[in-house]
Structure formats: structure tokens, C-alpha cells
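Chain nomenclature is as follows: A, B, C, D and E, assigned in order of appearance, with residue numbering initiated at 1 for each chain independently.
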Amino acid sequence: MLKLHDIHVYYGHVHALKGISLEIPQGKIISLLGANGAGKSTTLKMISRLIPPKQGSYDLESESMLKKTPSDLVKRGVIHCPENRRLFPLLTVEENLRIGSFTRKDKKVAADLEKVFAYFPRLKERLNQYAGTLSGGEQQMLAIARALMGNPKILLLDEPSLGLAPNIIRDIFQIIMRINEEGTMILLVEQNVHLALEISHYTYVLENGRIALEGESRHIKENDKIRQLYLGA
Amino acid sequence: MLRNHWVKKVLLALVVLLMAVYPLLVGYSNYFLTLFSITCIYIISSLSLNILVGYGGQVSVGHAGFLVIGSYTVAILGERGVPFFVSFLMAGIVSGVIGLLIGLPAVRLRGHFLAVATLGFGLSVPLLVLNWDSLTKGYQGMAVSRPVFLSSDIEFFYVIVAMTVLVTWFIRNIVASSLGRAFVAIRDSEVAAQAMGIHVALYKTVMFVISAFFTGLAGGLYAYWLGYISPSDFSVTTSFLLLAMIVVGGLASIPGAIIGTILFSVLPHFTEHLIGMHSIVIGSAMALIILLRPAGLVSLKGLFKRKLNKTVAEDRNSWLSQQAGGE
Amino acid sequence: MLTFRHVTVTFGGIRAINDLSFEVPKGVIYSLIGPNGAGKTTVFNCISRFYTPMSGEIVFNGEDLNKYKPHQVIRKGIARSFQNVELFKKMTVMDNLLTGYHPRMKKNIVSIALNLPANRASERNAVRKAHEVLELLNISHLAGEEVSNLSFGYQKMVDIGRAMMADPKMILLDEPVAGMNPVETERISHLIVQLKKEMGYTVLLIEHDMSLVMKVSDYVTVMNFGEKIAEGQPKEVQNDPAVIEAYLGEVDSFVKTS
Amino acid sequence: GGSSKSGGPQSGGTAQLAQGVSEKEILVGHLAPQSGVSAVYDLIRQGIQAYFNYTNEQGGVHGRKLKLIAYDDGYQPAKTVQLVKRLVEEDKVFALLGSACTPCNAAAQPYLTEKGTPVIMVSTGAKRFVDPPVKNYFGSSFLNYRVETKVFMDYTVNKLGKKRIAIVYQNDDFGKENLEASHEAVKNYPGVEILGEIPFVVSDPDMSSQAQKIKQLNPEAIIMFGPPNPVANFKKELHKYGIKDTPFIVSSIGANDLNLFKLAGSDVWAGTISSAVIPMPDAVDDPGMKLYVERFSKDFPGSSYHGFAQWGWSAAQVMVEGLKRTGPDITYDKFFDAMHTFDNWKGSMYSGVTFAPDNHYGLTSMFITQAVDGKIIPISKTINFNPKTNEITYEK
Amino acid sequence: MLQLIVSGLIFGCIYGLAALGIVLIFKTTDIANFAQGEMAMITTFVSFMFLTKLELPYLISFILALVFAGIFGTVVHRIFMKPIQSAPPLNQIVLTLGLFLAFNGVAGLIWGHTPAPYPPAFAGDPYDLGGVFISMNEVFVIGVTVILMLGFFLLFRFTAIGLAMRASSQDSMASELMGIKVSSVFTWTWGVGTVLGGVAGMLTAPFTFLQPSMMADVLIMGFAAAVLGGFISLPGAVIGGLIIGVFGNLISFYVSPEMKLVYTFLLIIVVLYIRPTGLFGGNQYLKKV
């Protein structure tokens, strides 16, 4: 249960988020939509505490996260799979995955590793390849797999379908639904609006750093303005 | 935008005027003339280094080597009776040619590898000068005489000022041109630069040559101004200091390099009498400025630019809403 | 216009492209699709000469591209954009575009240093061209922004715009709409058609967004494991069982990508 | 060269006092590196300052206090030129005293020669500052390199009876000037041979290849021109290879320091031969020396009072004596005349100071020393060098 | 000849030790620390205080000094480096240059510039092994170097900490997202790097004597060694140091000592020309588009 209230974020003088309030309730998939530059990635970076808010409140399970560091949030199971993948290019695929489970002390790491290999068999073939030399889509798979290795309670996904083949996109969305069913909450930023609205329970639409619209995904889908602006009629 | 341009011009005119009347202001004091001249010479050097490091992203920690080459070129040619203008130009050309020779292997190297290779160059040049007695008179150093028509210090002071203004202008033109953009492109992404048709190896070499050429000229001016040159004039410390000047001033910025150079050239004036404190003061200045202004002193002007930035951001946002409402 | 003949590229043990042949006729939009890791970007990198094929020939307008260096390719009339955007981060949008104009600039060092009229004229032309491109992309308002401050979507546009600056004969676009929503995708697809129709470019396109590929392509080649598995009109390819199997997947309830 | 638009020091005239001299004060300038790699030179300043303090406590010179203005030139000639101008034109000092660094002094020489500011006891033994004599340059605070070299050669050949000599020299202005002088000197001794000349770099702690070379050459005597650190390292390295008994002769710059017994090890350093113009503080029982040790340790506790500091103190003694001899109405001409009255003056720690219009060496008397039992003691009577005739005479 | 090589190896180890600290810090924080040598020098002075003022035995002083070094390194990181962690590397490097100057000056003020003898770890005459002389202390230097090199190599290669250190240098933001406390990792690295430097300093001091400028040359050679070895490889740093030590000694003997530096850098440039990322640098600038 994660809750943002009236969050403001600045990049230098650029006012990127102008009072965001949103909630990730237990067991849900939430999607966050918006045009280029609307502030979606910024919201995720704020949640994982990579950047500080200037104003507002941020609670996780009723505890304020304003003073926490990214590693505190990781320990609490908030895992952020960032935009642009941000792999470690000079570590191998295997090392990238190992570092995904860096903070974990539980015994299930090995089992999780098998699980992500089952999701992405291509990665298993490329265990010793430098992450930097993978193809775009392979990198995206690795980025998602690395996030899963952190055993997330809340998973923040920034455009997970980016650069993936249609069949893999389908796989990814199935995986997202599956881990959600296993109890992980998900905040999904997607440009693939159709899909996002399809699988999420609730949707926020960002415009210029503000929440312009929110509601149950199935209602949002029917909204005319949304159809026009994001779904392409 | 227009107003900005106008302000800039007035400022520039003021600076040039100040340089012109400086000797009057300090009552023709030879010490203050020297302080100013040496500062000018270092301004030329740091601007040249900035082409390489700031714009081109190629770290050189041996740049003082080119100062040695420039200064010894005028000394050696002058001794053999070569006329002033020729020897002075040759200071640049010889240095540029050496820059080319250094640049050729250096284009393959990056980051710290290049840094250490250039460090080797900076360390080696004074050693070679010291040991090549027959050409350089080794440890004794060489006397350098100015031509008769520029023999007085005040005359040569104006030569230095004029050269500084001229070279600054050249360098400004270069960095604002397609050449300058190619340098920055190489710094930011070699792959993309190649895809844009930029011959990376060639341009890196060109960078080295231009940078070495102007630094060589600075070395020539230095030798003429002091009238004597020895192998211990420029050590690695000089190279380090040049690097500090452009970084503390603000990389890839002409005003930045100038401000940084003035700071480190004038600061000693206030610390030289503090026995044993000199390097503490210089070192602390370097550390503290970077600590407080990680992007260098020019970033101070960002404080004034706040308004401008905001408008750009607002522009964009209003445009976005328009799009959202309009379609 | 561009012909691949039996091209093979390997990295260590991996065959990224295996005996690939295809031909792109002049003036078409030619799409290259296929699963992740199929070797599509590698094809681009071969044309850009970042990679040298182990065997095979790449012929452009009758010339073997293999004899050129990467920086010469654009002068042959081939410009490209990058999959993960490869911009000059610390430059403004305008300067990025101007750099794209590089091959067409006057480059006389004396003229540059003295800022002679010839240099200024050439610089003016570049700026004019850049404004045209910005208009086309609808991002004129961003001209003065440093690209590292832009969101990913806008960076992609700048990347495309930069490739357009050189007025190439052929433009290679690597996943131009990745990270864009359907409306933005729509705009880019207009632009791509415009590139072909109004500016006469030949477009070689890599894209996973099937809506775009199906809409704009004249011809499609499908790759898998570095080999061609199908080619033809978009409609034919879309219904090819091998392509569905390897790439598109079963169209089930919630996938409506096409 | 500099312009002389603003009134130079010469413009003092006879009626007026010289520049830098007021009713209360005499300003004296000094330049040396005070930080960085060559910062040991700062000991010279400390020596000067200590003597100035002492003199001022005694009432100064003809009622005037001495004020030292010292700047850090960082061993950079360009800086020196700048700072010399600052001292002469801005601070308006009367004279420069004991400034260190050969290339720095050389860079400033044309300007100072033109200005005519007295330059007293430069802290370099290079020939160019004393020979041929320049009107306003007087002496060097330590022995002239060439003179010392000649004496070493003479001592090695005539007193030690060695003929096959190896030379180890620092690869810079100092070492090379000495090397040149050795070649000149050896010509006077038929049958004597320089077997090899082995350079080293001062900052390089690794002297093993040099020691190996010596082993290969197997000389009868080794003459080394270098400062304390490499000398100590080299001697240690020689010892390691069992070269213990070959006479080892070291320039005074590198040997006049008891610290060497610690750096090299007492037994390793023992036996080393050198020369000196000033005895080591602990080697003699002399009131002047006691005064120095006492005053210096009081003003600069913790600083080493061997070597460099002694030179500073003695140089200051020479200058003060010159000022005393000039009388209360100090003009440059009077001062220069007074300086020329030094004739083997023994009032300072130096073993004798001489100036004449045709001799600006200042220090031409010295003695040979040897390291024995943790002390550096004189092993010869005074040796005199005559710059006019190039003759070396041993006092009986 | 053999003797030349052996002496070269010993100085090679000293350069290698200096290089180890530089490489360790670089590998993790992406910063070439120019203040490394001066920090080592200060550590050495501190150990000398323990030895002479408190008259503690060598081993105790050695260990106490290393404790000091660890604290010193972490403090320097916290005060100076952490606040500018996200500034461009060159700016951070210039900051370390500033520290280099300042530390040197401060040491001069506190301890003066007169060289002092520093005791070796083991006293005693050298052994004569068939014409090659080597002392116990020199054997000790070689041993320490090899052990430290192996230790840190294993740490980097096989432990989670090592992996975190490597990751932090490649992308600190992504590392944060993995739950790595990047600035703590950096602080630790500075601590450990300074300890390594301290070891180098205390083993160097018997050769260079104790004085504020004792590390000037060693640092430059350390950088050269690090680069020769690839700048990211710990064994590379030591091997680079050994090559430079031996090569330098041979040049010194057979060509001339004053050209040692020139030839050493020439060698490095030739090696880099053939292998632009050094002997063990691997594919550091790998980038796929």
C-alpha cells in the first residue's frame, strides 16, 4: 500500500511534477499514462527516491518515505525497473542478474533465477555475454529479469514493452499479470496504452506534471478525450 | 535574446578597453605588467587546452610540453637570426607539428589512457630539452631577445594583449563553427559522430594540432616577454594548473577558461608572502570551488539565467496543453 | 538501391547475421522486422560500417559499401537514427541538428577562424535547414534545450531529425516509435510517409510496432536468428505462419497491437 | 630586459638614501621555493630571518631594523622574474639576499643587472653570477661549484693519490656544471682518468643501476655531485654491493648535514669526504657557532640547523657586515665600495670572505671534511682558491 | 643483469602498490585519485609519530597507522568527494589535484621539509644469492605486494561486495536501484584505497626517506603502472609496476638514467598503441548502438 499526496518535483528550475497524488492499493496493477515529457518517469524516480520531492507526502504502509534512500526502498521490496534499461554494460548477463538480488538474504534466489530463465530463455543462452552487447530487446528482457530478481512487493515498470517483439510483449504482460496474482503490486508506465488499460485495474493520466484524469481502467478506456489523445481514435 | 547580445558587446568592449588602459592604471609598474602578460599567456594556453579537453573531451595532462616547445622554438630560431615574425609563427607551427605527431597515436586512446600518455609527453619534453645540449644549451637555458621595434616592455605588452584578443576570437569562432560542433560531437558520442560523417580520428588530430598551435604561440610570447627560457620553466605542475584553470572556470566555456586562468594567475599575488602556505591556498581554492560549484565558476551565471530557463519550460508546457486541447 | 548479398556477421561464436540477402528498391519504405536478437540492428550497423561482415557484399547504388569508413557512409547518401538514441547529450537540440548538417558544411579552417562571410553563409544555410526539420517534427519550441533534459520520446524525435539534416538518399530508422504512444506514433508515421513522398527518401525501417509497419511499409523482410524467414507485401507477411510463430504470436484476447 | 621608466634604484643619488632604506628600516628581499618538491630551500630563509632577528634585537644596523620580504617562487623562473620585479618595484627593497635556484636566478639576472639592485650571496654555486664579476652581484652563499670541483679533483689526485675516478652527477644545472668543471680540472693532471660519468635524476629513489655501473667500472675514487637524498641512497646501494672502501667524495650541498648519518646509516655514511665553507655546528667549539645554534633553535624550533640554515645565517652575516661598513648614509655606490673591502673576512661562520672589484666569488676558502663517528669533521687546514690565477693553495 | 632485474622488481612492487590503491578507487568510483600519494605520505608521517614520539614497536605503529588511513580515507570521501559524486569525472579529478597540493602543503607546515630516515620493516644486511643481493626487507615488500594483489583480486572477482563495487562504477543510479548504498560503497573504497596507499607509503619511505614530497615520483610511476596494466585490473597494476620497474632499471643501466622516464612513457605509449586499453584492460569502452 503506497500513497503519494501532492508531490512536487523540480529539475533545477523545471517544475516537473506539480502536485501528484496517487495510490497503489494492495494487490493491484496501476497504470500511469501520459504524453512524452508528462512526468511519468519522474514519478517513478520519485517513488524509488532517486530524486527528492520538494513538497508533499509519500507513505509506504503508513510510514513516511521522505527521508529514505533508494536502498531502503529496495529492502522494503519497492523495485524500480528504470527507463532506458540502465543495465551494467560491462557486467555479464549473469552478473547483472546476481546484482538484482544484491540485498536479498533469503534462500529462494536460486529458484527465482530459474524462474526468470523460464520467462526469458534467451537470457540463459547468453549468460556470459556482456550486457552491453545484447540486442535492444534482449537488454529489455534482462532489465525486467533483473528487477524480478529483487523479489519485488511493489514493482515499478517504466515502459517494459519498449523495443520488444510483439510475441514477447505478450509474454511480458502475462508475466506481469502472473506476478500480480502472486501478490506483487505493480505501477506500470506504458506507451502501449491499449495493453496497459487492458491489464491494469486503475489508471492515472498525467499531463504536464499533473494528474489530468484517473479512474478504473475500463472506464478510462471509454473516455473520449483519452481515446483521442492516447489511443489514436 | 537581442538585449542579451547587446549587453555582451558592451561588456566585451569594456574588457578590451580595460586591457588597453591597464598600464596607465598600474602606473606602468613592470611587475603588474608582467603579472598581466603572464596571465594573458596562460589565457591563450588554457583556451587552447579547453578546445581539447572541454570541447573535444580528450584529457591532456601534458599540455605544458607545448609551451616548452613554443618557447624554445623562438629561442633557438632567434639565436640563429631568424626574424621575429617568422620565429614567432614557427613557435606555433613547430608546436602544431609535434601536436600532430602526438595526436596520431593519441587518437586511439581515451580517458585515463590518454591522460597518462600525455602526462608522459609533458614529463619528457623538459627532460629532452635539458639533455639536448647542442640545440638547447641544456641546463643553462637560453636568452631570447625581442626585435628592436618591440624592445620596450610596454610595446610588447600590447603585442601580448593583441594576440590574446585575437586568439580568443579565433577560438571562439572555431568552437562556434561546424568544427567546434564536431569536437563536441566526438566528446558526447563517437559512434553518432561517425554516423554524421565526422572522421573521428582526423578531427581528434585536428584538435590536437589547433590546440598545440595556439599553445606554442603562447610559449613564444612567454619566451619573448621574459627574455630567458630554461628547462625548468614548465613542469607537470604547469600542466596540472592549466587543467585546473579550465575545470574550475567551467569546462567548454571561453569565459570559464578566462576566469579560471585569471583566478589562478592572480591568486599567488596575494599568497606569495605567506611562507609555506602557497600550495595550501592554491590547492584549497581548487578543492573548495569545485565543491561549491561542481560545474565551475561560469555556472554562477546560471543564477541570472533562471528566468530564461523558466520561460522555455513554460513555453513547452503551454504548447503541450494546446496540443491536448486542440486536436 | 541497396543490396545485401550473402552477408554473414559473427561475434565470437554467435552468428548475428547468417547468409542474408535482400534488396531495397529506390523510393520505397522497406521494413525489417523480426524477434529480438534477430540481427536487425546488426544489419544497420553493417550499412553504417560499424561492423564488417565476415563474408558477403553490401552494394549501394552500385558501389560496395565495405570499402568505406563509417564517416564516409553519410556522404554516399545514407543517414541513420539509433535504437537507443545516441544524441550529443550536452548540446542543444539545435546544435544536434546542425551537426547532422556537417557533411554539407564548408570546412576551411582559415575561413572558420576568421569567421569569413563564406563560413557565415554556410552556417546560415544549416540553421535554415534545421528550422525546417524542427517544423516538420513539430518541435521548434525545443530548439534551445539541452537534449539531456528532454524526455525519452522527444529525444527520439531529435535523433530522427538529425538524420534528416543531411538530406540523404536513404534513411535508416531503428525503432523510431519505441516509447511513443499511439498518437505520437501516428505523427511519426505521417512523417515517414512524407519522407518518401515529398522528399524522395528511400526508408529502411526497423520497428516492432506492427500498426506502423503495416501502415507505411511497401515491402517487409522478416528475420529470425540472422536469417530471412519471410518477405513480401505487409499483408502477406502478416499472415505467414512462420512469422506468426516466431514473431507476432497468437492474437489472443488482449493483444491488439496490430 | 625591462624599461626603466619609473625611477630605478640608481636614482638614489649621493644625497638621498638608497631604495629600501628608511630612517627605521632596511628592506631586503629573498626568493626561494617554500612549498612543493624543493621546499627544503626554505631553511635558507629561516637562517637569514634568525640572524636578522638577532641583529634587530641588538639594535639593528646603524639604528635601522632589517626587514626580510620573502616570496615563494616555486622553483619557476617565470615566477622569479615576476617576483623580482615585485620586490624591486613594488616593495622597493634595498637588496636581494640568498635567493635560491639556478635557473630562477639566471632568468632574473638581466633585469637585476640593469636595475643595479644588489644581489647578495645567491644560493647557487653557478659561475655566471660571480664570474665574470657583475657590479651588483656579490658572492654565493655556498661554495662555487667549479671551485669545489677543482679542489675535489686536486685533493683526490694529490692527497689521496687516486687516478681512476668515476663521477656521479645529478642530471640538472647543478650536476652538469660540476661535471663540466671536472672535465676542465682533470686536464691539469696527466695520467688521471675519468672512467665514467653516471647521471641520476634527483627525484628517482632507485639508485641501483648507478651502483651497478660503479661496480662495473671499479674506480679508485668516486666523486658525486648531488643533494642529500640521492647521495644517501647511493651510498647505501654501494654498501649493499660491498663497495665500502673506495673513497667517496661528495659535493658540500649533499654532505654537510648530520642527518645523513641517519638517512644512510651511521656506518654506511662514515668515511665520506666532502668540503665545507662552514664547519658543522657540533664539530667546533666556537662562540659564533653557539650563538647561531642557540638563536636559530629559538626562532625555528624543530628545523634542522645543519647545512641550509647555516648558509642563510652566514649570508645574512655578510650582508649585515657590508651594511655596517657602508656607514649610516647608505647609497648603492657606498655599499658596493664597502663590499669590496672584504678581504678574507672571518667574522662570519664562513672560513673567509673576500670581495674585490675583480673578484666577486666571495667564498674562496674552504676545507675538506670527513664523516667520522657520527660527526662531520674538518680533515684539512684552510684551502684557498685564487680565481685570478686558478691556483689552489693549502694553508700550512 | 640479474641484479638489475631484482632491484627493478622491488621498485616495481612499490609502484605496483601505489597503483593498486589508485586502481581500487578508480574501479569503484571512476575517479583517478591524484591525492593518493599525499594521503599515503600523511599516513606514513603518522606512523612515524607512533614510532618516534610514542616509541611504539614497528608492527603496532604500522597497524595503528593503517587504522588512521582507513579513517582518513573515509573522512576525505565524506567531506570532499561525496558532495560532488555526480559531477563530471574530470572535475572530481581536479578536486583531488587540489587536495594533493593542499595535503602536501599542510604536511610541510606540520612536519617540515627535511627528510627523515624511516625504518624498514626488517633490518639487516642483504643476502648474497650468487652475486644477487637481496635483503629481508625487500623480500617482505615483494610478499606484501603479491598478497594484497591476490586478496583484492579475489574480493573483486568472487564476492558480492566486489560485484557491487564494479556495478557502482558503471552506473551509480542503477546501482542505487539494486539496493546498493553507492556512497557507502564509495566511502569504504576510499578507506580501503587509502589503507593500501598507506602500506605503499610505509614500504616506500625507507627508500625515499620521509618527507612531504616522498610520493611525487612514486605516484607518477604508479599511474603509469596502472595504465599499463589496464587501469581496472588489480593484477595488471602490479604487473604493470613490475614491468616499469625492471624496464626502467635496464634503461637506466644500458641507455641512461635521465632518459628512464622518457623511455618508460615511450614503452607505455607503444603498448597502448597496440592495446589501447592496456595489457589487462579488456573491453572498457564497449558500446553497442
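As a convention for this text, a contact is a pair of C-beta atoms (placed from the backbone, for glycine too) under 8 Å apart; a residue touches a chain by one contact, two chains touch by 3 or more.
Worth saying up front: this structure is predicted, and the values here are computed from it rather than measured.
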| item | value |
| --- | --- |
| Chain D reached from chain C - shortest hop count over touching chains | 2 |
| Any chain in contact with chain C as well as chain E | A, B |
| Taking each chain's C-alpha mean as its centre, the one farthest from chain C | D |
| Between chain A and chain C, centroid-to-centroid distance (C-alpha), Å | 28 |
| Inter-chain centre distance, chain A versus chain D - centres from mean C-alpha coordinates, in Å | 75 |
| Chain centre separation in whole Å, for chain C relative to chain B (CA means) | 39 |
| Centroid spacing, where centroids are CA-atom means, of chain B and chain E in whole angstrom | 31 |
| Junction residues of chain C, two or more chains touched | 41, 50, 82-84, 86, 183 |
| For chain E, residues that touch 2 or more chains besides their own | 104-105, 108, 258, 261, 287, 289 |
| Multi-partner residues of chain A (each touching 2 or more other chains) | 14, 35, 37-38, 133-134, 228-229 |
| Touching residues (chain side chain E, partner chain B) in the complex | 26, 32, 80, 83-84, 86-88, 90-92, 94-95, 97-106, 108-109, 220, 223-224, 226-227, 231, 258-259, 261-262, 264-266, 268-269, 272-273, 276-278, 281, 285, 287, 289 |
| In the complex, chain B residues that touch chain D | 27-32, 34-35, 38, 130-131, 138-141, 143, 151-154, 222, 226-233, 235, 237-238, 268, 271-273, 275-280 |
| Of chain E, residues touching chain D in the complex | 3-4, 7-8, 11, 104-105, 108, 112-117, 126, 133, 135, 204, 207-209, 211-213, 216-218, 245, 248-250, 252-253, 256-258, 260-261 |
| Chain A - residues contacting chain E, complex | 48, 50, 69-71, 74-75, 79-80, 82, 86-91, 95, 98-100, 102-103, 130, 132-134, 146, 150 |
| Residue ranges of chain D touching chain E (in the complex, touch as defined) | 35-37, 39-40, 42-43, 171, 198-201, 203-206, 208-210, 212-213, 228-229, 232-233, 240-241, 259, 262-263, 265, 302-304 |
